[in-house]
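Across the two complexes that follow, subunit A remains constant while its partner is subunit B and subsequently subunit C.
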Partner chain A sequence: MDKLENQRILASLIGEGEKDKSVDLLLEWASQSSFKEVIFNILEPLLVQWGKLWMQGKLSLAHGYLSGKVAEEFYLIASKNEEFMNSKAKNKGTIILGNIEDDFHPLGRRLVNIFATAAGWNIIDLGNDVPAEIFVEKAVENQAKIIAVSAMMFTTAKNILKIRTEIDRIFLSDKIKLAVGGAVFKLRPELVEEIGGDGTADNAIEAPALFDSLLLKCKG
Partner chain B sequence: MNSLERIMAAVTGNDADYQPFTMLLSLYGSSLIKCDTVKYYQNPNLWFEGQKAVVETFDPDILISPFSFALEAEAFGCELAFLEKYAPNNKKPIITDLSQIEDLKLPEMDSPGIQYFLEATSLLSGFAKGTKAIASPIHSPCDIPALLMGLESWIDTLLFQPKYVESLLEKTMEHFVRLGNEFLVKGATFLIVPVNFTNPLMITENILKKLLPYLEKAFSQIKGPIVVHNGGCILQPFLKYFAKLPNVIAFVLDPREKFEEARQIIGNEMVLMGNFDGPGFARLSPDVAKNICLKILDNRKSDKHFIFATANADIPYETSVETIKAVVDTIRNYRKY
Partner chain C sequence: MPTNLVIIACSIFKYELEHLKSKGKINIPIIYLNSMLHMYPKELQELLDMKIEEFNKFKIILVFGDCHARMVDYEKNTNITRTPGINCCEIFLGSEKYKKVRREGAFILLPEWADRWKEAFIEYMGFKTSKPAREFMNDMHKKLVYVDTGFQETNNEQLKEISEFLGLPIEIYKTSIGELENTIVQLMAENK
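Our next item is the complex of A and B:
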């Protein structure tokens, strides 16, 4: 398997908007090698490369959306493959993920889900427009040590403060860390502290490293 | 030479008495008159008072009617979130299921939200009395869907649901043409159409090619000139397409873009505007702002089809008057002609 050539072929297909053909091709390659081989040598390197190009303004959000859809569909199929599931990285713990109340911009969250899952985290994705108390309730219920919240705009980012307040109210600040992300935090980095975040990442690719560092800060 | 003549000189490529300029000071008017931004974005008379203060303080050559796309989306039924010292934002998309597109109602021109824009434009026009150019920002028909349904849902629809794209754009085109022409009736000299969601950072070239026929059809029905605005993103990979659209006479470039490269794409006749970062103003000292301004002016010294302008969104509420004045004075004292 020529990894670079296959990455190029996949990039071209996704760039043309061919989601179904891209997933079919990944499945064909997986049948010739393995899901693990395809994910770690073709799909993820391409997602990382595209993430960097997007950050540099060289690819569009639509490219990111398409590649995320392809990855989502392929991961879903891979998750039913026993050999792949056995070969995955050791489970690092559970993260409660979602877009805060009134936020309806799922792309970043979905990419975080993909990269964090690949890095060995168990992700419970609550979706869009999630009230603060649900994040905390689910974290307690699933013994999650990290709540990861996405917001795109200033108005919705302010709602994250309610999660901070709720975590503090039940005295779990040492045991549950609050990761925040989204476009508004790049524009206004001071907002991370203002809304009580324990940390942020510039993009979905860097989210697993943030989660690793926050895990080290958890007590108990 | 008055402001309008100065702007027309840039359009026709003639000499003016000094470099024509404009700045997006829609929000900043509320700062100058110390007005609550919630009331400011609901009362056209208050907004007009703010703009009179803008003219008294900075005297730009182009006056810009209210810049708030959230308000335009509100006229479609979107809920607003008002913010102290900021323009309002949209709270939630109103289209959460594609089946809702069929029932989407277009705002009436006499609805309160639309009347805010139109009354403010009338007031501005009456005040300027033909001595200044008046620009009216309006959402592109291909951008409104992202506001109504959320950006990701719109991208998904563009990629996988062509039937719904057509039915939604038929409606947004109708709204664009009605409101755009109404702005011109109320005294706008030209329309400013930002492409916040129709640019190379948001969509692929293939998607743009699917949208171009809709833009062509809508722009061709506007009875006046159109300026394409960068909308916070770079334009250049799409400039060659936008330049061929009907009635387009000018582009506002992103601060990251190079005028020389844009000229190679669009030629020497169309007007280039830009490219001082409006939202970045608040972080600058007067001296730093002056130096950035001078670099832009030096770069465009021999370009007679150039209008100095801020790019991206509004100049922030808390920007110091001295910083903005430093830029205005630099422009006025610059020996271009």
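Our next item is the complex of A and C:
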């Protein structure tokens, strides 16, 4: 398998908007080698590159969306493959994921879901526009150690402070860690602390490493 | 005419602000920045910073939503005020109506973007064909809502074309520019 050539072919197909053909091609390569090899040698290196370009504003919305969809569909198929599932990390725990109240920008959140699931996390995705108390309620109900919240804009990011307040109010700040993400935190890094976040990641593909580090800080 | 007051606005408001100007409701200069910068918040910030610096001897009314990471910081300057609202749709519709329409799963289309839809979706967002655009929009939204601001003829052919390209049904939400007019008139009075 020529990794670089295959990456180039896949990049070109996604660039042309060919989502279904891209997934088919990945499946063909997986049948010739394995899901694990295709994911680690072709798909993820490309996603890392694109993630960086996305954060620099050098990747179109269409490209970002399609690459996420291709990854989502391929991971979904891979998750039904016994050999691949045996090779990946075992369940690391539960994460409550969502966009904070008044935020309707799901793209980043959905990518986090894909990468965190692939890394062995059980994700409960609450969707867009989720009130603070629901995040905490679901975390307690599902014994989740991490709440991961996405916000695109400063105005909506401020609503995350309500989650911090609620976690502290019920004395669970040692047991539930608050991960925050979204464009505004990249451009305004001091906001993570201002709204009481325990950590952030530069992009979706780095989110699982953040979750791993936050898990280590949880007590009990 | 107040000579030391200026509006710096996103061009998404151009039709409506020019209409208010023609009616004599606005009697100060208006500078527009390209609404396609919505997709490039860093560039928007750089351009807006430059414009604000250019008019640093003026009182400035910003007609923008929270469109880049440091938009709200401008309001710490005593010479700058901004229209309240998270984005242009909320500024047009008011908070309650905006949230209602948004929670129905709508992608809200304002008149200027409707006229520039090919530029927005094909050139700037990069949807070269209808297929990925349809997939994207159906994944994120349930319908399109065109906001008819009430003083220009609705181009139904154009709306049909947009609806077909994006693969979503389109509804027309009739409103007025009263919300915007009140906000601007009030901000102009406060800054006299």
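Quick notes on this one:
Keep in mind that, in the parts below, the second predicted complex is superposed on the first by the 217 of 220 C-alpha atoms of A that agree within 3 Å, B and C clash if a C-alpha of one lies under 4 Å from a C-alpha of the other, contacts with A are read in each partner's own complex, and residues count from 1 in each chain.
Assume contacts are C-beta pairs under 8 Å (C-beta built on N, C-alpha and C of every residue); 3 or more make two chains touch, one makes a residue touch a chain.
Everything quoted here is computed from the prediction, not taken from an experiment.
Because the two structures share subunit A, they can be overlaid on it, and in that overlay subunit B clashes with subunit C. In the superposed model, A:G120 makes contact with neither subunit B nor subunit C.
After overlaying the two complexes on the shared chain, residue contacts for A:G196 are found with neither subunit B nor subunit C. Once the two complexes are overlaid on the shared chain, A:P131 sits clear of subunit B and of subunit C alike. When the two complexes are overlaid on their common chain A, residue A:S60 makes contact with subunit B and with subunit C alike.
In the superposed model, A:A183 lies in contact with subunit C only, and not with subunit B. Of the two partner chains placed by the overlay, neither subunit B nor subunit C lies in contact with A:G93. After superposing the two complexes on chain A, the stretch of subunit B that clashes with subunit C is 152-160, out of 152-160, 242-250, 260-268 or 296-304. In the superposition on chain A, the residues of subunit A touched by subunit B in one structure and by subunit C in the other are 16-17, 19, 57, 60-63, 65-66, 102, 104, 106, 129, 153-155. Residues 16-17, 19, 57, 60-63, 65-66, 69, 102, 104, 106, 129, 153-156, 183-184, 187-188 of subunit A touch subunit C in their complex. On the side of subunit A, the complex with subunit B involves touching residues 15-17, 19, 57, 60-63, 65-66, 102, 104-107, 129, 153-155.
Across the complex, subunit A is touched by residues 39-43, 66-72, 86-87, 99, 102-103, 124-129, 131-133, 135-136, 139-140 of subunit C.
Within the complex formed with subunit A, the subunit B residues making contact are 81, 83, 86, 89, 91-93, 150-153, 155-156, 158-160, 200-204, 206-207, 234, 256.
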